[in-house]
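Below, each structure is written out as structure tokens.
After this come two complexes, each holding subunit A, first together with subunit B and then together with subunit C.
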Partner chain A sequence: MTSPVDAPNAVRQDKYYLALPLGQRPPLRVIVDKRNLLANLLLLGLLILLAGVSLNTGSAASLSLPATLRALFGAGSPLDTFVIQELRLPRIVAGVVTGGAFALAGCLMQTVARNRLATPGIVGLDNGATAFAVASVVGAGISLAPPAMALTGAAVAAALTFGLTGRIGVRGYRFLVAGIGVGAVFGALTQLMLTRVSIDAANAAYPWTVGSLNARPDHAVLSLSLALLPALLAGIWLTRSLTVLRLSDAVAISLGIAAGRCRMVALSVAVILTGLAVAVAGPVGMVALIGPEFARQLSAKNTVPVVGATLAGAVVMVAADLLGRVILAPIEVPVGIVTALIGSPLLLWILLNPNARTAP
Partner chain B sequence: MRVLTHYLSFGKPRSLIGLWLGLSGLLIAIALLSLLYGAGDVGPSRAWQALQDLGAAASYDSEARFVIAELRAPRLWIGLVVGVALGVAGALLQAVTRNPLAEPGLLGVSAGAAFAVTLAILWGADTATLRVSVAQLGALGGCLCVLAAARLQGIGNDPVRLILAGAILSGLLHSLSSLILLYDQHTADEIRFWVVGSLAGRQLDDLVPLFPSLGVAALLTILLARPLAALALGEHVAIGLGHHPRVVRLLVIVVVALLVGGATAAAGPIAFVGLVVPFAARALAGPDIRRTLWLCLPLGPIVVVSADIVSRLVVPPSELPLGVLTALIGAPVLIGVVRGRRLPTL
Partner chain C sequence: MTHDAPACERDATQPDIAPDMTTQGLSLAYGSVAVIEDLDLQLPAGQVTAIVGPNGCGKSTLLAGLSRLLKPRGGTVLLNGTDIRHQPTRQLAKRLALLPQQPHAPEALTVAELVRFGRHPHQSWLRQWSADDKACVDEALELTGLTTLAERPVDALSGGQRQRTWIAMAIAQQTATLLLDEPTSALDLGHQVEVYELIQSLAASGKTIVMVIHDLVSACRYADHLIAMYQGHVIAEGLPSQTVTPELVKRLYGVDCTLMTDPATGAPLLTNVRRTRDVLDGSAT
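For the complex of A and B:
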């Protein structure tokens, strides 16, 4: 076995696959860690399994497994086909893309901030996006479509939090508290708008305030899906820079990483994903904590699990939605509450456990 | 007389009596405004007329009289009590944790009270008296949870991490409450208008069950002011002066729970008052806890009652929840404190 110390230029073949040696100069290589590949395959399998269970579970009609499969491919009875294709499948798709988007955003932001607690939800992005989306629904101020408004809100909240506290990643926990403050302001603004409008408009905006997959406007799902793929590619492209950026800025810069630019790109991607995901499902911010955490447990310790976090977020979202539908049936618990109940103790554990590293 | 000055001193270096009287005058003016202005039809001139007739046996404007005596006056009284309770609780909590950001709403004390009340209503207890003591127990639980966790892991020295722990605990309790509300429609109806934090629709009867516990809290505060001032000089100094730091801390936490639980039972969880009021009091009076506490007495009601007036006037036919308004005032203060180059230390 050649160790990196003996031969610095050799890639350890027992731990990595060398994939895609695209033959330009300089050669563009994507190095795939075996353990990460395994973890991602595992997560993908888990996601497919959960999606299947979720597809087969519901209150409207209890379907047998073969009936579900027939309906999925359009060969079942009209009612079954309607339930599966029009009700459950879009819900699962929305869950997968929002979970993936939240978790990817969380992973990027945690890495950039060098703090596992720094998820978009804590920093106030969720509340900002929610406030703007609600403004769009109840018709206060400029009314763009909810996704565009949510995007604007997330950007405004990010600008406020990071603008007010200076450079991210160097001032410890303080920007988190500033983020809590920014989030509180936007939360209050949301309530303000909800009390001002008629009860119908308030009801229309309600899903955005708790975090639920019930509303899921189709155009919002579409725009999020369109954004998720390039964002994932950007994340993969940034993986190496981000891995180094977890160390100090000095190390990163001396290794040839454009630290400022990398940070900017990662943050922008996180803001865009959070905004668009909030437009679909409302503030389900805890997924951005649980997903990357889950992925980190499975993945190799020395990498930033960008793909793993995305998959894990989707898994968490679909599982939480399934749980919320089953646990108190026939009442449906919004997915935002389920994830908050799971995520908050995890967050407290990270914060209070002296052995837990806060750096991702 | 010696005993009085011993416990109720304004503090030495510069007397605050002038400032205190000025603030009290301001409070009286604001209280008057709160009686005069409202969201309904009874405007300031009618209200003024009715206020002058209030002593008379009969009144020609019975509507205005009703609005003032039955709607606005109870609100004012509850606003005064809640303001004092939250302001003093904030100052005490900040002194005992030596953390300028420690605010009952942020540390999970209000959330604990709200959660306890939700549970109590779920289990069928809906008398006002019970609600107060349940809220106070919940507040004590929330407070002890955060402080114990912080002490256990030694992050009590880092103000910002303590606040984060409190914020997360609040979030957890909040989602548990939402779960209960979702599960039980009756509880949801009973509590919907209470959880946002508001002074609207409260009656004077809601205030009566608060008095015993608030009285105890006031007495304890008077007795604890000096030991707390000594504790600010350091543990050893306090022990040297004959105080018992552990006992003092425990008692202060009990007082905070009594005050915040009582205020929450009366008006719902109202965030950020406990941050803004002591902050302003310290800016005016300096770091001595005794001086801060004195100034919190008029400043707390000033903040709460004027926020309540604004909440009635912003959207005329309807009203804003008070909690929304205090968050809009308080969050910028929080950000401002965190932004500073150095966190102020206590």
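For the complex of A and C:
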């Protein structure tokens, strides 16, 4: 599958050249970076391992590994099967898709904004989606299903942030400042709604405000899963353009990239993923910061690790949820608090290191 | 493999003749500030054209307009008689390359990686690397003398090597027209000459080169065609030796000078450059 003959003479062989056997001349050929392939396999292995441990960990029933596996495939006792299939597995699936969605959205936004700080959470999308989802749960105003409301909220927050940024575009610092402002307004709105409703309704909505995998609205996971797959494919499709767009707009346009359209698609995908992910788990925005960074450290330099970031986000989310369930057991620490604890040092590092701030 | 490694050849779909680039009634503006209005220009094919003029005269804006970075407020830019706005950006990228002023490479990007980006318009998602790509990248590295530096990070190179890397990327793009925005700014004399000679050899191989430069003497020395801009207008154009006069220099830069002919190259040479007295006094002539 490799044909090193076709690599530039002076280039190290750090890539696979996959020839697609479709009989085309010149042959169709896709480049796969060896290091990224390894990184993604490593992350996938880590994800499966963590999912297994998570499946086997919990307070409701202490199961042996064989018992867990039997229950997973429907061969265990009814109680075990219920605990594994109805309680733990859906939660892990929710963790995988939300983590993947947040991190993919983060990776796309950071790349087109050329700034590590430009994650959906920091530019206000998480808070916008949360405010609308909470409005749906407490029954304030028009009430669509939480995923639709969260999606609307993310889109409204994005529209406000872009509107306030003006013609300067997502590159400038103004994009971040406007986003932080928009996020603060929606955060305040959420708090206001929670103080105005009955204590029961507020309790029902509370998980969203911190981020938890414990209170998933109906169909929210399904909606997100249906969106995540095409979003990931779009991300993979955009990778080549995004890699060139990292250089500069002038160079990218000169190389034939429709820079504006590429950025628009990437941002739209990020908004949709963030909205739908918030509907499942609330504003776990730190995953959008941690996941892509984790993937970048593992991946080849100067690539945009779209798949890696998605996998890493899923790993971070499942790991954080697992941690939250065990560190203070039987009390459960919401996943949003665990990721905030992990993400804060990373955020500080980015803020204090001027080189880290720009050019992810 | 049955597919022989070919030499780097220009896309067969393109006409082999060097392209004719012209503007018709071109108007360019940033927001509400008009920079260039109603400009008609002809850029000679297969030659080096230098655009000179004082700071803020609109030469970089013109280059942005020529390279579709800036959408014209009015008028058109024609490449081979076709409005560049009516060509898909990827198709145009096979005909027209731009090297912006002092571009910045991301950390740890190697010379070979950067030059490979030049092949982007010739590739697609399903055809990410071909024998053609390899030939063009190797040739671009060789033309710019970078073959042995291919694995070095771009940000670890000297200024001259770095600029050659960017030019190599534009060469790998295999366009018939190459636009350069101050390709030698921030380079020392030796590296400037290195870049200018590379540009001349590219024109000799049939490319049309348009460069914005600050240094009028170098423009005279290395360009075949000179365009002098002042306040958004072309005030003189033609062969450097016939175009540059003390009056033009005074009008462009507000300096007096003595003009000589370089005995070695025959290019106009400016000496005894000094600020015009009436400018110093603040009174116009």
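Brief remarks on what is shown
Everything below uses one rule, namely that the second predicted complex is superposed on the first by the 323 of 360 C-alpha atoms of A that agree within 3 Å, B and C clash if a C-alpha of one lies under 4 Å from a C-alpha of the other, contacts with A are read in each partner's own complex, and residues count from 1 in each chain.
What we mean here is this: contacts are C-beta pairs under 8 Å (C-beta built on N, C-alpha and C of every residue); 3 or more make two chains touch, one makes a residue touch a chain.
What you are looking at is a predicted structure, and each value in this text was computed from that prediction instead of being measured.
Residue contacts after overlaying the shared chain place A:Leu176 against subunit B, while subunit C stays out of touching range. After overlaying the two complexes on the shared chain, residue contacts for A:Val96 are found with neither subunit B nor subunit C. In the overlay built on the shared chain, the residue A:Val251 is in contact with subunit C alone; subunit B does not reach it.
Residue contacts after overlaying the shared chain place A:Cys107 against neither subunit B nor subunit C. Shared-chain residue A:Ala184: touches subunit B; no touch with subunit C. Touch criterion met: A:Asn302 reaches subunit C, while subunit B stays clear of it.
For the contact definition in use here, the subunit B contact set and the subunit C contact set of subunit A share no residue. By the touch rule above, subunit A contacts subunit B in their complex via residues 117, 122, 164-165, 172-178, 180-182, 184-185, 187-189, 191-192, 195-196, 210, 328, 331, 333-334, 336-337, 340-341, 344-345, 347-348, 351-354. On the side of subunit C, the complex with subunit A involves touching residues 1, 3, 5, 31, 64, 67-69, 89-94, 96-100, 103-109, 112-113, 116-118, 120-121, 123, 125-132, 134, 137-138, 141, 147-148, 150-151, 173.
Against subunit C, in their complex, subunit A makes its touches with residues 3, 5-12, 17, 20, 24-31, 167, 237, 240, 244, 246-251, 253-258, 301-302, 355, 359. Contact residues of subunit B toward subunit A in the complex are 101, 106, 149-150, 152-155, 158, 160-161, 163-165, 167-169, 171-172, 174-176, 178-179, 182-183, 196, 271-272, 315, 318-321, 323-325, 327-328, 330-332, 334-335, 338-339.
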